[in-house]
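Paired with chain B in one complex and with chain C in the other, chain A is shared by the two complexes that follow.
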Partner chain A sequence: MKIGIPKGLLYNNYHPFFITFFSELGAEIITSVDTNKDILNEGVKYCIDEACLPIKIFHGHVSSIKDKCDIMLIPRIMQLHKREYICPKFCGLPEMILNSIENMPSTINEPIYASSEMKLYEWALNAGKRITKDRRKINSAFNKSMNVQNDHIIGINDSNYEINVALTGHPYNIYDDYINMNIVKKLNRLGIGVITEEFTDEKIKNSEVKKLFKKPFWTFARNNYGFSVSSAKNTSINGIIYISSFNCGIDSVTVELIKYEIENFPFLLLKIDEQTGEAGLNTRIEAFADLLERRYQYENNISSHG
Partner chain B sequence: MKITFPHMGNIYLAIKALCDGLGIEYVIPPINNKLSLEIGSLHSPEEICLPFKLMIGNYIQAIEQGADTIIITGSCGPCRLGEYCEMQMKLLKKLGYDLDFIVLDSPTDIGIKELYKRIIKLTSNSRDNIFNKYKALFNAVKVMNLIDEIEASAHKFAGYEKIKGSCKNILNQCKTDALKFDKPDEMIKMLKNYKEKINHVSIDINKNPINVGIMGEIYTVIEPFSNLYLEDKLMDYGVSSYRKLTPSWWVKNTALIPLKINSLDIKRASKNYLPLNIGGHARECIGEAVLSYEEGYDGAIQIFPMGCMPEIVSKSILPTISKDLNMPIMSLVVDEMTGEAGFITRVEAFIDLLERRRDNVLLRS
Partner chain C sequence: MYYLGVDVGSVSTDLVLVDEKTNVIEKIYLRTKGKPINAIQEGFKILKNKYDSNEIKAVGTTGSGRQISSTLIGADSVKNEITAHSIAALEISNDVRTIIEIGGQDSKIITIKDGIVTDFAMNTVCAAGTGSFLDRQAERLDIPIEDFGDYALKAKTSVRIAGRCAVFAESDMIHKQQLGYNDSEIIRGLCDALVRNYLNNICKGKEIVPKVFFQGGVAANKGMKKAFENALGFEVFIPENFNMMGAIGAALIAKSTVKKRGKTNFKGFNISDSKFTSNSFDCEGCSNKCEVVKISENNNPIGYFGDRCGKWNNKVFDGLENLA
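Our next item is the complex of A and B:
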């Protein structure tokens, strides 16, 4: 049996779990290729106009492998932590796909509550039943894939640069090099190091979040807010770059909250959509790099006259 | 303490009755208009949804009239409404206003004690005893239910009325008259009169008007300014419109959530298309679209503000429902830039389409 796993949205974060789980059950894994122009075009063709870029790209990934597999995995990730969501569009993702793309194979779209291992196991049982009836096999596959997932570390933590920026945003915008047009490489070429939120301690992030009147109920809003505000206080970080997809409801809130808090700390908001031109993005990054450089030199340039 | 609140349809009448009953000072912000939208979009973040902008407009206009405390309901669903309070507090503080916020969140998230504390803060200025306080609350709910019923009847009978415009006149008169009364009992009496009046408006039972269901995001559906007075326009066209989402529906639904017996018909109807609650009122929208078909309406109109996350999901499902049930459904997206002419053209074209489907172009003449 062939299982299709689209390479969109949180694939980069959770692919070890899904791939190990299904291959341990004896299924053949079909993944789509990395995001490229064709996938984007397919996605724009099928998806409704109002959705954001990552959702459109996910549609493209699905349509590129829908004829090659017997069952498609559409992860309906409801919660990653208790009392927190990701986004309403994640909760309704299978419906969006099934109603927009025709001739879909059957799908695994049971809701995933990853707030505890027990709840995740419920999903694994339901999904595993589609492939094998052997419960022991599902159990061992689940345990193995949990181990693999826990060993999977992502994140960027450059150390040998003088100027560093905190790169924030939803993971699917940061780790998809097609969406963000290789921003990490571009920054490195300009002599700027990149640090992502995975390397900041949860406690530091949460202590910033606790100062808010109400705890954000989106996982990535909490992460990005905590990370950005704490890095504004961190002396080794010189600026924040926030990658946000156009029309992202969560970012429209998070970015404002960050701006209220960090005041004059250098902050660059990069909006991306399916029409972003690379030249415009380059100009903005270069301008921001110049700004950081001048601030850096100025700060270290203490006048000898006192 | 002078409290104020954001507008949402006719909810201001209920809050007026509540505050009059409790004896709290309050300011009703000017009914949503171009100026409040302008003020709101000037100060609000660019990408936030329309209700936020209108609310900011309401607050600032009310503050100019002396308000210093704002009541707002919260939520902890994945929809942006839950974050409104946080952002609005910071935004108004940045603009230099010194305000108190009373956020009525669901007790499951802040704890029943905290909710109780916030309600006490609200009623602390009232010198009435606890019995009178409850009475004021019941009166407010009564006002809300009555005005919702009157509005629903007006929208329904607009298709059947003998004298064109009579339903709309009664409804408008009712709204202006309601503001004149400072005692909740008198207001209720007056609303009951109007209810009688609207239920006995002269109608032609042989007419067979176009029936349209209205659904979508709760604020833009209920607040007439945000949907460019769509329902009033439908009344002018002689179309009967039906809307399930009302403030009284919301109160009833919220009260029944802990028992899990809230809006069972919607849950049943949406089961095949969207089996889970994904936040906002996406599931209700899908359920209502199916219910509209079951009720035998000719078509359905979905309204939502630009960028509304739950409604984007339901918008992608609606074409399938439309195809499956053979019922036209139109989605209207509103934001602060919506031009009225383009909007009217689309609504008119949709009504024309519904008429032609009945093979009777002269239906409304």
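Our next item is the complex of A and C:
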């Protein structure tokens, strides 16, 4: 039995869980390659036009491995924490794919509520039954994959730069170097360190979120808001770069909330879509790097004069 | 002794020579027409007849074509246009607080405090609110873009035209034409629409503090200056060389680079006689299959562009760093 796992959306965050789970059950794992031009082109070809770039790219990943596997995993991740949800496009992801891409293998697409281990186990039990009837095997695969997942640490926490930016946005825009045109490498080359939200304590993020008149409905909105606003108060962070997919509805609200709260703290919004020309992105990050550098020198001069 | 600044933008390629005191000695404005190399060579041909290459003490490039032009001419500095524009504006007037820059494909706001850039914003993926919006409508009205300003100033009233999207604007404009408004009123409406869009979109959340400089190609349009002043309620200044500010900034940056380093990398005006060829190929190094462009001067490769990993690109960067 071959299980296809597309390398799009939250793959980077949760692949240890999925890969361990299905391989423990005895399935062979087929993953797609890292995002590249062919995957982008296929994704744009199949996906409905209104969707955002990461969703289109996910379609491309699915299409690249659909003929190589018996079952395709389309993780319909609904919830990671109680009383909040993942982006609405995730709830309809399997439908979008099954109605757009022809000759799909059968899919595992049941909703995933990962807000508690119990709920996640229900999903795993259902999914596992597609591979084996042995419940004990499913249980042990589940436990093992939970452990592997818990040991999986992602995030960037550069420490040897004088000037640092908080890099924020949906994780699939931050960790897919094809989508974001190698932004981390580019910033490092300009002498700027990068720090991502994983290294900020949940409590610190949430204390900022609590000040909002209402708790955000969406997990990524809460995370990005909490991280950005707390970064603006963190003296070792000099600016914020927010990577946002063109026409993302959640970001359109989050970005405004952040800008309102951080006032004059340097903030750069990078909108990404399917363009592959890098000049526009380079100009913005180079100018932002200049701005941070001059501010840094200026502020340090002031303090040295007393 | 002069400093050369080259700004290769999407619509125009600008070259300036400034002297020690930043007086603009020579300015050349050429249409890029999608061929940056030709535009630079054309400009160099003009300069070659008037100046000796040895008179150039430093060369800087800016604009979206800054990398390719730097390779071509041997630039001492390669700087983004936001920094270049602000340095040029500050040189002219050290109390400037806001720069409005509207070019062919992009528009920017730069805010300055105590002589340093504190914030900037640019239009996002869409080119709404830029010069191309006006260009497109000028074409439709069959009125040369150069005359737009005069038309706009003649109008007594302004017609409201949707400014967010060039496609919406066009249908709105047609409806207003059908209602019988004249060209002047429509053009003034277009200027107002562009200003409204610029202020609502790009400047959203930013305070526009005088003194304001309005620069970039669109500043040639008197109607736009008026529309900005009406919307902001105070005077907007257009520097004398408003459409050369990027190039002037590039020249100034190059000047300070060479001051630190001692000598220039400038290859001389004779490159106008070189034969430049560009070939593109798909790199087979990995699954990204980047489209790489190779630029050769008289059949010697001088630069590669377009690869993501830097395998080709670094050949150029390393070269520059070795020289430095």
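One rule holds for everything that comes next: the second predicted complex is superposed on the first by the 301 of 306 C-alpha atoms of A that agree within 3 Å, B and C clash if a C-alpha of one lies under 4 Å from a C-alpha of the other, contacts with A are read in each partner's own complex, and residues count from 1 in each chain.
Here is the rule we go by: a contact is a pair of C-beta atoms (placed from the backbone, for glycine too) under 8 Å apart; a residue touches a chain by one contact, two chains touch by 3 or more.
As the structure is a prediction and not an experimental result, all values here were calculated from the model.
Student: After aligning the two structures on chain A, examine chain B and chain C and state clash or fit.
Tutor: fit
Student: Please indicate which partner A:213 is in contact with in the superposed arrangement: first for chain B, second for chain C, both, or neither.
Tutor: first
Student: Let me test your reading of the model: by the given contact rule, A:89 touches which partner, first (chain B), second (chain C), both or neither?
Tutor: Once the two structures are laid over each other on A, A:89 reaches chain B alone.
Student: Per the contact definition in the header, classify A:260: touching chain B only (first), chain C only (second), both, or neither.
Tutor: Touch status of A:260: both partners.
Student: Who does A:291 touch here: chain B (first), chain C (second), both, or neither?
Tutor: second
Student: Just checking: does A:156 make contact with chain B only, chain C only, both, or neither of them? Give me first, second, both or neither.
Tutor: So A:156 meets neither chain B nor chain C here.
Student: Of the partners chain B and chain C, which touch A:249 in the superposed model: first, second, both, neither?
Tutor: first
Student: Have a look at where A:125 lands relative to chain B and chain C in the superposition and call it first, second, both or neither.
Tutor: In the superposition, A:125 touches no partner, neither chain B nor chain C.
Student: In the overlay, answer first, second, both or neither for which of chain B and chain C A:50 touches.
Tutor: The answer is first: A:50 touches chain B but not chain C.
Student: Which holds for A:104: it touches chain B only (first), chain C only (second), both, or neither?
Tutor: Touch partners of A:104: none, neither chain B nor chain C.
Student: Between chain B and chain C, report the minimum C-alpha distance in the superposition, expressed in whole angstrom.
Tutor: 5
Student: List the residues of chain A that touch chain B in one complex and chain C in the other.
Tutor: Residues 260, which sit in both footprints.
Student: Would you mind writing out the residues of chain A in touch with chain C in their complex?
Tutor: Listed in rising order, the residues are 33-34, 36-38, 177-178, 181-182, 246, 259-260, 264, 266, 269, 271, 273, 275-276, 279-280, 282-284, 286-288, 290-291, 294-295, 298.
Student: Which positions of chain B touch chain A when the two form their complex?
Tutor: The contact residues of chain B facing chain A are 45, 47-49, 74, 76-80, 82-83, 85-87, 89-91, 94, 103, 105, 109, 273-274, 276, 278-280, 282, 306-310, 312-317, 319-320, 333.
Student: Report the residues of chain C in contact with chain A in the complex, numbered from low to high.
Tutor: Residues of chain C touching chain A: 64-65, 79-83, 106, 114, 116-120, 122, 124-125, 205, 286-291, 308-309.
Student: Would you tell me which residues of chain A are touching chain B in their complex?
Tutor: 47-48, 50-51, 76, 78, 83, 85-89, 91-92, 95-96, 99-100, 111, 212-214, 216-218, 221, 247-253, 255-257, 260
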